[in-house]
Structure formats: structure tokens, C-alpha cells
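A, B, C and D are the chain letters, set down in written order, and residue numbers restart from 1 in every chain.
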Amino acid sequence: MNQEIISEIHLTLYSDIKYLDIVQAVSDSFSNMAGFNDEDLYWVGLSVREAVTNAILHGNKNDSTVPVDLSFRQEEHRLVVTVTDHGEGIDESMLPDPLDPEHLLKPGGRGIFLVKSFMDNVFFNTPSGGWNRISDGETY
Amino acid sequence: MKIETRTIDGVTILDVSGKITLAEGSVDVKKSVRDLLDSGRNQILLNLGDVKYIDSSGIGELVSSFTTVTNKGGKLKLLNLTLKIRELLAITKLLTVFECFDDEAEAVKSYS
Amino acid sequence: MNQEIISEIHLTLYSDIKYLDIVQAVSDSFSNMAGFNDEDLYWVGLSVREAVTNAILHGNKNDSTVPVDLSFRQEEHRLVVTVTDHGEGIDESMLPDPLDPEHLLKPGGRGIFLVKSFMDNVFFNTPSGGWNRISDGETY
Amino acid sequence: MKIETRTIDGVTILDVSGKITLAEGSVDVKKSVRDLLDSGRNQILLNLGDVKYIDSSGIGELVSSFTTVTNKGGKLKLLNLTLKIRELLAITKLLTVFECFDDEAEAVKSYS
């Protein structure tokens, strides 16, 4: 279903975690403009931060010459965030479940799980292409 | 992130403030905990009341601090979870792992 | 003189003043990352806000389908901000001096003056092309 | 932006708070001033102490409010400039145009 785009911005940064606070500031500011309440704004911001962290570390292997592209789109009933890196993409079926007792005490592996907890839809372009798309609000 | 250390009745309390994130160097928590273990202190209480933000990397630090302390025969518990941290630990089922307190005296007493 | 780029981001938005708070959040966050003090951060933010306001209103004539491109670049001794719109550009020699007694009580005409007051260098691509480039720190 | 109105000794004080910017609708200041003039009140004091931000459009609103009031034979003065607003008015030479006060009682007295 084609929905009207109310607001849209694009941000390009490079693969260095020093940019994460800027990413979060943009997310917060966009959510604010879109009229999100503080609670939604917070969890969207965390989700975006996690997705961009993954794009930097896993997708682009922390190579600071490689860009990460981020777009925020406000439609009437949802927010769509797209994070694009230049890696291999994610094979979702390979992701271990962090709630599994076997994984519960692992130091990592909770990023994507959190994104999926807070955003209504999460898409990965697999097996290659390296983008993920998260949206909050009504389903497609 | 800032970490201050104090000891009450044999329990070392780490007052953590600021952000526990990848970008802020979430490893600082783990490092502080390691240093404590090296100096023979293994009854540890992490006060998270002034933690403004935590990401999945920060949660990972809490978990690995917990396992390190437990493996050395010590105890690591949490004090003053903010609503956001509580929600994150609930979602990730880590509330079942960590002993958490809202009252410092009660937390300290639980070690004895 | 070619200087090493330490940090760089690009932001694309559309010509609607509702995006100005996002622009300012990005500016503040970038300045913060670059280690600016609160005072410098504030005046850089205001300058960027004024330049983008002009790009939206004058350059792109408030047409919300037309993009404004913004880039922030941190070099060793300066910050370079480039604002690009799709208008005709500015002929600097035509700008009235807002300090002139004749203009002192005019409601408008202080935006570019403020940008020039707070940034060390301001360039306009004239007569056509519609970008302006402002930098803070050492001269070229 | 929020504007509250009160009157002391015939002087109408507008307590402005928030941002006076293009995006926030800087025209609200001008509109409030126009409404006052329409209702016959032309001794006006703009309290800017709680103004968190102002841009060139906001400065323009202050100037056009000033000229409108002056043209109607009234007086518009400014109270409690923040450091940032003072600097902006200094740079634009508007401190030579506006009468500015840091003390409300003194400001009110100046109208009589």
C-alpha cells in the first residue's frame, strides 16, 4: 500500500561509532517533529542506535571510509527508518535467540532482538545488500 | 560515564553515572569490576540510579561483569534501576538473572 | 591548502521550515562531537539555522519537493558547513547593510549578516548555483 | 512560544517564554502587540527573560513590534535580556534602538 510521505530526511555518516550520538539526536529530533511521545521517541532512538551500530561494526567492519546511509520517513500512520551499509547483509535464520537459556549470559547478541522488540516491523535485505528497514506504527 | 566507589559493611558499591554505551566506553564497568576482583573484593553492588542511557552493548557489560564475578565466587547485584533499564532487563529476561534492589540498606544486608 | 578531514556527515531535507529544529540538533551534536565549547556551538548552530532558513525560503522558494543539502566537515583547525539549495544563488554586492541607519528598523535582512558575524568565512557560489559555505576556525 | 500578559501601573508586561523563531511562529509577538494596540494599550514591556532562543526572524519581530508601537505614539521596551539576546542586539546595533532593563520596577517607572 502506498502511503503519503509527510516528512523525510536522509543522513549519511561514516563507519565510526563517534557518530552515534548524532544519529540519536537526529532520531530524537525527527520523532519529536513527527509528534511522538517521549516513550516512543526513546525506544525508536534506541532501535535506530542499535541498527546503526550494527551497520558500522558488522556491515562496514568499522572501516571509517565506508558510509552508512540513514533515512527517516514519516507517513500518516507510521515511521519508516532505513539503515543501509555496504556489508553482506544478515541471514535472519542464523541469529541465535538471546532469550535461550544457552545464550542468556552471553555478552552480545541483543541488538537486533531489541530493535525487533520496539519496532513493529523489521526487514533485512538478505542474503546480500546490507540494509535493514525498521518501522513503527501500523503494519503494511 | 563516571564511576565512584565506596564500601559499606564489606560490600563495594559502584555509583555509575552517565551513559553505559558502546560509544561512551561501556567497558569501563567491566574494567572497574575486574579491578575490584583483583584487589580481592567480590561483594559488588552496581548503583545504576544515575545512568541516563544504556544500549545493548551496555547491557552486555552488565552481564559479563555478572558472570565474571560469579565465576570468582562473588556476588554482583544491581541497585536503583531506572524505569528504562528495568524494561530493558525485563525484555531480555535478565531480571531473572540479576538480583535487583531499590533500597541501598536492604541491598547491602542481602550480602550477609 | 588541503586539510585532513576528521569527521564528516551529510544531511538532506526538504524545503519546509519544520525541519529547522532537526538541522539545529545535527549542528549542535556535530559541534559537540568536534569538541566545541557551548558558546561556539551556539553561534555555529544559529548560523547554520539562518543559512538553511535562507536555502528553504529564498533558494528553494519554500517548495517542499525541493531538497536542501547540508554537510558538516571537521578538519584539524576548522569546521566547514556547506548548504546547497536549488535556487539562483546570491549576489553579495546586492545585499543591503542591516546596520545602515536606513535599514536598521527593517524587519528582515539580518540573516546573512549574523552568519558572517559568527563564522570566519562565508562563501556564496554566485551568480548561480545556490550554495553557501561557512566555516569556523582558521582561514584558508 | 508562550506569551502571558499582565498590567502594572498602566504598563502592559508581556512575559514571553520559549523560542522566538520562524519555525515557532515568531509572528505571535507581533500579533500580541497589535492586539494590545487595538485595545488601546500602548505602554508595552516585553519580558524576554524566559526566551530560550531567538533567530533573525525573531529579532525582526521585535523590531517591527517596536516600530508599530512607536508609530502609534506608544512605547515598547525590553526587560531581562538573556546574554545571547543582548549579544545579538549588540551586533545588529539594535541596543541603540531599544530601551532595555534588568529590573522590572525600574522599567515600569520609566514609562511615567
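Definition applied: contacts are C-beta pairs under 8 Å (C-beta built on N, C-alpha and C of every residue); 3 or more make two chains touch, one makes a residue touch a chain.
A quick note: this is a predicted structure, and the numbers were derived from the prediction, not measured.
In this assembly, the C-alpha centroid of subunit A lies 45 Å from the C-alpha centroid of subunit D.
In this assembly, the C-alpha centroid of subunit C lies 27 Å from the C-alpha centroid of subunit D. Each of the following residues of subunit A touches two or more other chains: 18, 21.
Chain contacts here run in a simple line, from one end chain through to the other with no loop closing. All chain pairs that touch, listed by label, are A-B, A-C, C-D.
The residues of subunit D lying in touch with subunit C in their complex are 21-23, 55-57, 59-61, 63-64, 66-67, 84, 88, 91-94, 97. On the subunit A side of its complex with subunit C, the touching residues are 7-14, 16, 18-19, 21-22, 25-26, 28-30, 32-33.
By the touch criterion given at the top, residues 17-18, 20-21, 42, 46, 49-50, 53, 98-99, 104-108, 110-111, 113-114, 117 of subunit C touch subunit D in their complex.
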